[in-house]
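Look at the two complexes coming up: subunit A is in both, with subunit B in one and subunit C in the other.
So, the complex of A and B:
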């Protein structure tokens, strides 16, 4: 089985490292090695039909800032030259156009390759086109890590809970916002907490995607399409961010034994992200950077899951679980 | 596909009702009906190769206290007369000997039938014998609902997280104890809360299995065997119940911003059930009758799940999910 890793930032490197850690396990399970036959970052690429050492790729990237020596102008031409069965697409997300990720995923599916991605842009913008293309070409297309990182949610709903009628999912889908709101619970004002989050690496230099709720909205759109079978995009989500939340609002909530959390809500009819009052002690009142989701279904009632929503190894673990699912299906 | 329902108390009836609710879904998914060709309670049985109406069975049981007109002396002889592919074993649990459940499961597996059970006794006492028998006879053997009811845990660990090295699982596996301890948090003494729990139907007339930690210990043993691949029985679990917890201990914990919860712990080396101090706000500090578990693994980090640990429909939903898994594997 041959894997091409497209995108070699934190998640791509994390996946390469996880693959190296699990190489023996995978080879024993499937009786054949998993070969990384290609990798690409935003400018360069490297190909080897005999397989590249994942840890060498990480070392090269960290030493030189480039995963390969050769530069490319069209990523799909690189994919055409590569010998691979599964594309792992983890390039930087573009939630306006889908960007390179959308082109790469589309190209791989058109060429009947299986795809694993955590790239939210393509999934939040063109989910139904991609899933239709995958079905038509009988490709496996998986994206567990795109919502909630290591928190199990998409495959849990689609596989473990496939006998349930899932009525709604409400959750905290952005660790940065939750970190900020948890700190504000203790009386710190928004601007100060944001600066602290940036210093600690929990928030990006341009925090817009997180604090305006766009990142959560992508995840809500992905859940609507993948779990509820809806046909929505990012633009259909009603979004309110957390920039307008004042110390007074937090204090008022606290006086009623409540906290304010940025909650994404999705059902057959709902598609929203916004600050919500949550009673203390409720599963969605958690503090810190974890992601959490409450799934309400007709037979099981409420099921709550939580886990690390981001992180090099944690996101890679979701990709690994998708890889194992695809391998299991292929080797049945 | 033909199902025999063995045990027709709350869970058996709940499963019959759930099956009736999902009959159309299942028939559409698999292109064939699911027939209930037999059912049995502790004294009586009914068989029909053409299929019984699940809701009629429930109505008969509720009206007469018996699921069938004919009485039996040896349940395995009834199974021998029945035409079935999958045994759903939900008879009352016996954690001393495994009881009728162990005999029925063993008999079905020996006759190359698939088995779904939530019966903790057989799983906590003879897990490795049963799983070995199932493997030898190429039978599917599933038991998601035996730990945590509708809370996803066993299949989550064994399937979704199969690329992880699971290091430990700690959880609240008994809703009755958690209800009692949550009430004690508010200052009520043990005896008074126990009486209240009995009046509300949360605790049985003989509450020994719950409050002495035996029920939790069964679940810990099942997790040790099924998730950690250990070979343990109920008797190997180090158990302390909650009967010795005083109001003073609860108050002392509260003064340190902690609560006391009955926690089951399992890892490669650990196998314990006992009262533990848990910081307020920790995932295992939850109040009420929910079950919850924190799974620690090497890549994903901590993943927490919670759900209803008991209940007619909730437990049946776990059986349904096992049934769908078996059907999916059979029809691949």
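So, the complex of A and C:
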């Protein structure tokens, strides 16, 4: 099985490391090695039909800032040159246009390649087009890590809860906002906590996508399409961010034993992201950078999952689970 | 749910308190008590109590306690489910604005009870109001949510509702 890693930042490197750690397990399970036959970052690429050492790729990237020596201007031309069966698309997300990620995924599916991605932009903007293309070309297309990082949610709903009618999903889908709001619970003002989150690497230099709720809205759109079979995009989500939350509001909520959390809500009729009052002790009142989701289904009732919503190894673990699912399907 | 019960208790000292206490024992909330000394049947006097409990289970436990205390339940009526929700409004708000909003909301949804609290003035000009509402249907809450959300978006007020 040949894998091409498109995007060699934190998640791409994390996946290469996880793949190296699980190489023996995978070879034993499937009786053949997993070959990384190509990798690409924002400027350079490297190809080898015989397979590249994933840890060497990480070392090269960390030493030189580049994954390969050859530069490219059109990523799809690199994909055309590569010999691969599965594209792992983990390039930086673009929630306005879908960016290079959308082009790469589309190109791979058009060429009948299986795709695994955690790239939210293409999924939040063109989900149904991509799923339709994958079905038409009989490709496997998986994206567990795009919502909640290591927290299982999409495959949990689509596979483990098969047979259930899922009525709603509510959750905390952005660790940065949850970090900020839970620090505000202790009396710190918004601006101060945001700076702290940036210093600790939880928030980007430009935190707009997180604090305005856009990142959560992408995830809500992905869940609506993948779990509820709706046909929506990021633009359909009713969004309110957390920039309007004041210390006084937090204190007033606390006086009623409640906290404020940024909650994404999806159902057949709802598609929202906004700050919500959550009673202390409720599964959605968790503190820190964790993600959590409460699934309400007709037979099983409420099911709550939580886990690390981001991180190098954590997100890579979701990609690995998708890889194993594809390999299992291929070997059936 | 809000429940109205008509009880007959023995006309002896302490019996009235004895009929009310079990409501607190099941974590209920007493909303009103009427002691009707004019209605006496078989040496028992009538007590009409309105109270609120969260679940049917509490009501059943309460009825069991009353029966064990030899309190006769002659009527359990006007029983209805209530739905509660809290809303935070953050922005350039004051009491007249919130009152106006609640008046408008009352024509859209049937509100059984409304309670408003305000934050003390903070460092910013933005003030927070918390509106706690009880309605008799989830549809009323949905209508109220839609109304408050739209009004807040119009007035650049941050709107936070309960889960």
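Quick note on the criterion: the second predicted complex is superposed on the first by the 332 of 332 C-alpha atoms of A that agree within 3 Å, B and C clash if a C-alpha of one lies under 4 Å from a C-alpha of the other, contacts with A are read in each partner's own complex, and residues count from 1 in each chain.
As a working rule, contacts are C-beta pairs under 8 Å (C-beta built on N, C-alpha and C of every residue); 3 or more make two chains touch, one makes a residue touch a chain.
Everything numeric in this text was worked out from a predicted model, so none of it was measured.
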Next on the checklist: Based on the shared subunit A superposition, would you classify subunit B and subunit C as clashing or fitting together?
Outcome noted: fit
Checklist entry - Looking at the overlay, does A:92 come into contact with subunit B only (first), subunit C only (second), both, or neither? => result neither
Checklist entry - Which partner, subunit B or subunit C, touches the larger number of subunit A residues? => result B
Checklist entry - Counting only touches as set out at the top, which of subunit B and subunit C does A:304 meet: first, second, both, neither? => result first
Item to check | subunit B versus subunit C as contact partner of A:51, first or second or both or neither | outcome: neither
Item to check | subunit B versus subunit C as contact partner of A:9, first or second or both or neither | outcome: neither
Next on the checklist: Quick one: is A:244 in contact with subunit B, with subunit C, with both, or with neither? Answer first, second, both or neither.
Outcome noted: second
Checklist entry - In the superposed arrangement, does A:253 touch subunit B (first), subunit C (second), both or neither? => result second
Checklist entry - With the C-alpha centre of subunit A at the apex, what angle separates the C-alpha centres of subunit B and subunit C, reported to the nearest 10°? => result 60
Item to check | Shortest CA-CA distance between subunit B and subunit C [superposed frame, angstrom] | outcome: 8
Item to check | Footprint overlap on subunit A, where subunit B in one structure and subunit C in the other make contact | outcome: none
Item to check | Touching residues (chain side subunit A, partner subunit C) in the complex | outcome: 170, 240, 244-249, 251-253, 255-256, 258, 260, 263, 274-279, 282, 284
Checklist outcome for this item: subunit C residues touching subunit A in their complex are 86-88, 90-91, 117-120, 122-124, 126-128, 130, 132, 158-163
Item to check | Sites on subunit B touched by subunit A in the complex | outcome: 18, 21-22, 25, 150-152, 155-156, 159-164, 281, 283, 286-287, 292, 297, 299-308, 311, 313-314, 316-318, 320-321, 323-324, 332
